[in-house]
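Structure first, commentary second.
Note that the chains are named A, B, C and D in the order they appear, and that numbering of residues resets to 1 at the start of each chain.
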Amino acid sequence: MTTKLTTEALLDDLSPAERERAERVESVLPALRDAAVEADRAGEFPLEHVATLSEAGLLGLVVPEEYGGLGGGLRDLVGACFAMGTACPSTALSFFFHNSSASRGLLPLEAADAGLFDSSEEPVVRAFAERLLRRMGEGRWMANFASESAKSAGSAITISTSAERGKDDDGNPGWVLDGVKSFGCATGVADDYLVAAKLPGGDTAEHLAVFMVDRRAPGVGERARWDALGMRASATHGITLDGVFVPEQDALALPGAFVKMMQVSRGSFVGSQIAGTACYLGAAQAVYDFAIGHLTTTTFSDTGAPIGTAPFQQELIGDMTMHLGTARHWLLAQLELETSEPPKLPKQEVVSNWRVAKGTIAEEGFAVARCALKACGTSNTGFSGTVSRMYRDLTMGLVQAFPAERGRLEAASSIVSGRESTQFGGVARPGS
Amino acid sequence: MTTKLTTEALLDDLSPAERERAERVESVLPALRDAAVEADRAGEFPLEHVATLSEAGLLGLVVPEEYGGLGGGLRDLVGACFAMGTACPSTALSFFFHNSSASRGLLPLEAADAGLFDSSEEPVVRAFAERLLRRMGEGRWMANFASESAKSAGSAITISTSAERGKDDDGNPGWVLDGVKSFGCATGVADDYLVAAKLPGGDTAEHLAVFMVDRRAPGVGERARWDALGMRASATHGITLDGVFVPEQDALALPGAFVKMMQVSRGSFVGSQIAGTACYLGAAQAVYDFAIGHLTTTTFSDTGAPIGTAPFQQELIGDMTMHLGTARHWLLAQLELETSEPPKLPKQEVVSNWRVAKGTIAEEGFAVARCALKACGTSNTGFSGTVSRMYRDLTMGLVQAFPAERGRLEAASSIVSGRESTQFGGVARPGS
Amino acid sequence: MTTKLTTEALLDDLSPAERERAERVESVLPALRDAAVEADRAGEFPLEHVATLSEAGLLGLVVPEEYGGLGGGLRDLVGACFAMGTACPSTALSFFFHNSSASRGLLPLEAADAGLFDSSEEPVVRAFAERLLRRMGEGRWMANFASESAKSAGSAITISTSAERGKDDDGNPGWVLDGVKSFGCATGVADDYLVAAKLPGGDTAEHLAVFMVDRRAPGVGERARWDALGMRASATHGITLDGVFVPEQDALALPGAFVKMMQVSRGSFVGSQIAGTACYLGAAQAVYDFAIGHLTTTTFSDTGAPIGTAPFQQELIGDMTMHLGTARHWLLAQLELETSEPPKLPKQEVVSNWRVAKGTIAEEGFAVARCALKACGTSNTGFSGTVSRMYRDLTMGLVQAFPAERGRLEAASSIVSGRESTQFGGVARPGS
Amino acid sequence: MTTKLTTEALLDDLSPAERERAERVESVLPALRDAAVEADRAGEFPLEHVATLSEAGLLGLVVPEEYGGLGGGLRDLVGACFAMGTACPSTALSFFFHNSSASRGLLPLEAADAGLFDSSEEPVVRAFAERLLRRMGEGRWMANFASESAKSAGSAITISTSAERGKDDDGNPGWVLDGVKSFGCATGVADDYLVAAKLPGGDTAEHLAVFMVDRRAPGVGERARWDALGMRASATHGITLDGVFVPEQDALALPGAFVKMMQVSRGSFVGSQIAGTACYLGAAQAVYDFAIGHLTTTTFSDTGAPIGTAPFQQELIGDMTMHLGTARHWLLAQLELETSEPPKLPKQEVVSNWRVAKGTIAEEGFAVARCALKACGTSNTGFSGTVSRMYRDLTMGLVQAFPAERGRLEAASSIVSGRESTQFGGVARPGS
């Protein structure tokens, strides 16, 4: 008989191959759990986790086997993020962003397979994609930097980091990057940084390019020390790029390539954001389990009954149970939408659903922690206690990426007008 | 190519047999929709619906084919209630209660198959069960009366209706019933009333018995005219039983039979309550669809843009979308829990989940209507308009059976103490 | 010793003069209460209330004594609407709209006192204002029609009803009105209708004029029968104006007069809208009192304890108490803001506060009814029961005037940009 | 012309004497503000604040002038806590608890004035009360320790700390205390600790006694380092008492004295808890002001408009404004209830209102911070930023003393049964 894995608390229908990969995830949880409290307090990503995850093969979790990976898919990633989220949400989130990098290899290959590139472009695209996937398959950590600090009224993300043609000291051709990436997990931890920048000559998604930057390359710096309310061990410092040289082969700098990648994505543009949300659900599950344990084993001094039998505790337990269920159901429904074959809904509706799902999962997951905090009392408000730590991590879910209010409004706009919100400046308005 | 059925807006994976049954449901929707407004205004169940549903075979929807039914299961019933709920929630709810009667045939058979009855009891039990199922399979309407008006602090439902041994005018042996059933759909509409009463000699679930009462039997009366805020066309008048004679063969009056039926039930004691909730979800879907239509096709006189583009409308559309999704996801998750083979959770957890699910679906479905009402404005507050009518029907979902607050507290109690709440006086305290 | 008046459940610091007026209000409550159920069911304003209120002097409640009124102010009106709201919210709301007409007399006088009119205009303005106030002081009902059905993206209210110069059959000069007023209480009940229309030559607030229209004048019709979810006895049918002649002296058709009236108003443009909200608070108070009474006097059959001691009832009672308190506190705080001398805040902030207050009072008052409904159970869902009736009336508060979401967004806009939202097309953009 | 004081953002009707005291409060705010960030990070109460507050006379804020104090009342204390809360909620909360100690002097004097003590008791009581008040009037910090860690199902607070007759090394008579006080601000900071303990011979409120313990007395220890999620600089470590000797004159150990004190209290038993809540309201005001400032001065890079004009920001600003208003209104209404002359409600209702008010103010104040966090984005989630810091402090308000759910349930119980919840074991059941 098999033991129930943490992943199976979320996904109760793992295939044998999925279960084998989930066992690898399970094997690293003790290490994550042991380091979590101190990592949170210090606000430092535990560097030893890179080796732990790499050696378990997990850095290649969603990389096809032909490139050295484990061949997992979105379900594996969601399950892994959930399981790691129960132990150390910061590590889970960093791990998620690493895996999201794989889309920059998988989507180009898909677009190539779909014949979206011409014969001169295709080999370039495939070479970059395979190079990226192989690095991940080898067990290298590939951090993913998208957001920048400037906000624009017209689009959700604005890219001002620039790429110019240049050469290295030996005269090899390549690109020179300049700019600042405001937030990104595993800064100073990952082996490589995946960076989006705009090519000369334009300001639309057509001109976006993707680069793999060596963490140790000259000109790469840390933007600002990440010292946040929660997700403190995720090393989300962000980076500065000051004339950083990137060799030709580490760039996907073909105009239009980015747009073609987006055309073949299944859900939202990176196609795996739901796994990021699973980290928060894992945290919510952990805080729920802790609270139920605390409330059923701590007893009143006069009656001996569990303190969880007090009326206000019962109210909070009922609420907490509802919130956890709502978060779970939304996540599982979205996962089904993004993985079912054939697709159940057109991509635009999948994305619109995602916008509502993301915020709802974050809000409801947070609500679990808020109820737990109230139910477990002042003695569980200690900075490093499970309740307080998960509460702080779940707080970040209310803010990061986009708040629930924003997601709902974007979905409403999409429902009324049939237009999907613009993720990148200009993207949604081709020809305008 | 097949047209998408209303049922498929909820269940997108119908088997061919399920789809065939869903087509029967689809065929009656126009009749339900046409009669809904006037039925609601008058507060009268449209009597012609009995023939409509009977002729479509739907009164035998969940009755095994060997007894003349369509052989559907819980998924069919949920789908039918949802679809009917989009047209006329009152009819849908009445239809649900009719179908819930089938459990009084199916569960005894299951308990008999499981060997819970001894050799003298088994034939009696099977005879009653088959008789009941055949009536439903023939297309007779079997209303189900459970609740009584007395409230007790110790259990959710108290039965004071009594059954005594008696004879009819011709000296045939049977039972004589006295009591009042406070609420029950299809009073004065159904062919038969299914009634629970207690046998002489005790006051626990062991002494509960089930009777099929002919609507026209002497002594059967209407309790009080149902003239409620919503679900006005459901004829939920309740009945009075004043020395009503029931022939031997129409009674399942074996002490302990009721408890054995409950032992084999899958989810909550009747095993199909989730379908009642699906009626409300159907109403929520209808009001959502109406509101989106109204907000996207009505335009501002100055700009020509849909009024749904106004900021507060966008907020309400986003909220409404979230609420509908939450209601759907909870219903589908509970349905999966109650139908998956093998079962995913122990029965007690399934029931505990149901308690939270019921209230959440009701609250979130109602929230859809509340948002729609605000978004569609004063001109859609007319008594008989779709928004207002569905709003009133959904209001009833907040109250009927049990409010969300009660369900959550019962789940909490179950979680903390491992005890499931007592549905019937004494049941949950065997040996006490 | 004096008995506590219903008004004093809201305002506990009445001056002697206020108390004298509140006693008049108290004297009519039994008549309002007695007629409320049938009026609600029939959807008819009880015509005898006109005489009841007129004879009690209450139609002149806020009219200065020199014009035959009682000389009350905003506090009196709020108290009266609250008290009447506990008995019959429909009558209370109709009474509020009648009183809001007084502002069309009081504000012109104030603007005249402030020297905003030149010497040729002033006598005209004063004559109209005094004529209007005298009618109200004499005990005539003056319904107030503002809203029209066209929606515009640019402003909250658009006026398309037009006034043209014309003569009556005897050649007397006056104005001819054409248009439709979508909603307005006391249609077919009031003696006079106060109507806003635009003068020839422009489309801004500068061109708005005010007319007193005799209910029986040729060309005046009922727009559409008011048959709504709630506030059913308010006769909110709306009117059609088809070439209706209004004599010169019943018109305030001076260009710019409307804008000058708005300059001197204290809070929102009519200066007494908070009293409309007090009707809903009265309804909430009534449903709260009913529910507490029901829950403390109905007892469990087994233990004899009040059913209000059950855990879920306790939760609902606590919630209900909080919601009622929140609604009260917002109303009293806004009343203080609009009546304190000297003013505590600039007018724009008072209006911005009002926008949040209106929605919050409506939402929280409704929440009282929703909790009461759940706590009082299915047996209190009867269409005409106190809980159900007040619930339906309070539902209207979520929609009428503007939903809470809209009010909050308008306040936010005002906070961020310093601009107050445009109530009438063009008003907030003078010179544009 | 006078500048507006921070206190006046809450209380806009200060008397001249109140304003003079509020100016003293204003004078210390810069020192509090300057130290707040580092104190929060380190989790240390800034010891220099003792001198700052003492020298400003504020440690005697609510002590009558005859004992060296400033003669302020509950309004002064609420205003001071609010103002300090905008700068450093931890200091504000510690200051509140210091001031709450004054009730142990004021209430005995009041009970004595009311003739509740006999002639032998009265001088003892007055001597203790005056001694306590004089210490506070002199500028000594008097921390107040009430709660203990054992929870009992029957009462809110259980006292197991014991007082036995004893002598010091010189043979002077007094009391010997043993026990643990779980939480209490200003541990290791205050000059004196006010401690409740039970006298030999009984276990009811009759046997409760009050002691002033010198912080440096042998046997006094720190319970556990306070290192919480929020209110980190409040030194809420709690104390251990291990055979601590207290001289006769520092004890109010008259059986029954405690109960008599409670009889004369105005609101809840300490009579000033609302001021504790004002600390949280101050924090909410600060985070609101910060957020509005941030959202109106930070602009979009493409349009130059404030980021606060984005639709989701507008939604959050509207929500935030509503939440702050609700918290303010509840606090001001409760303050009015507890200070009006003559009292508006019987004491039991004042206490019942307080139970709802406390939770509502805490929840709504927290909601301001949650909205602000979402609106201000990831760049404002830094651990020490205003948003994040106040968010963490406001989180503590959800838990400390009692959660909103508990308060509402206690109020409901009081409403239904007329019994006020038991604060101290046995108190509410005299004679049992």
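For this structure, a couple of remarks:
Following the convention adopted for this analysis, contacts are C-beta pairs under 8 Å (C-beta built on N, C-alpha and C of every residue); 3 or more make two chains touch, one makes a residue touch a chain.
Small disclaimer: the values here were computed from a predicted structure and weren't measured.
Shared contact partners of chain A and chain C, listed by label: B, D.
At the interface between chain A and chain D, over half of the residue numbers appear on both sides, which makes the contact a same-residue one. Separation between the centroids of chain C and chain D, computed from CA atoms only, is 42 Å. Counting only residues that touch two or more partner chains, chain A has 309, 311, 314-315, 405, 409.
Per the touch definition, chain D reaches chain B in the complex via residues 311, 314-315.
Across the complex, chain B meets chain A through its residues 12, 292, 295-296, 306, 308-309, 313-315, 317-319, 321-322, 325-326, 328-330, 332-333, 344, 353, 356-357, 359-360, 405, 407-409, 411-413, 415-417.
Looking at the complex, you find that chain B touches chain C at residues 43, 149-154, 158, 182-183, 227-230, 232, 298, 300-303, 305, 307, 309-312, 315-316, 370, 373-375, 377-379, 381-384, 388, 391-392, 395-396, 398-400, 402-406, 409.
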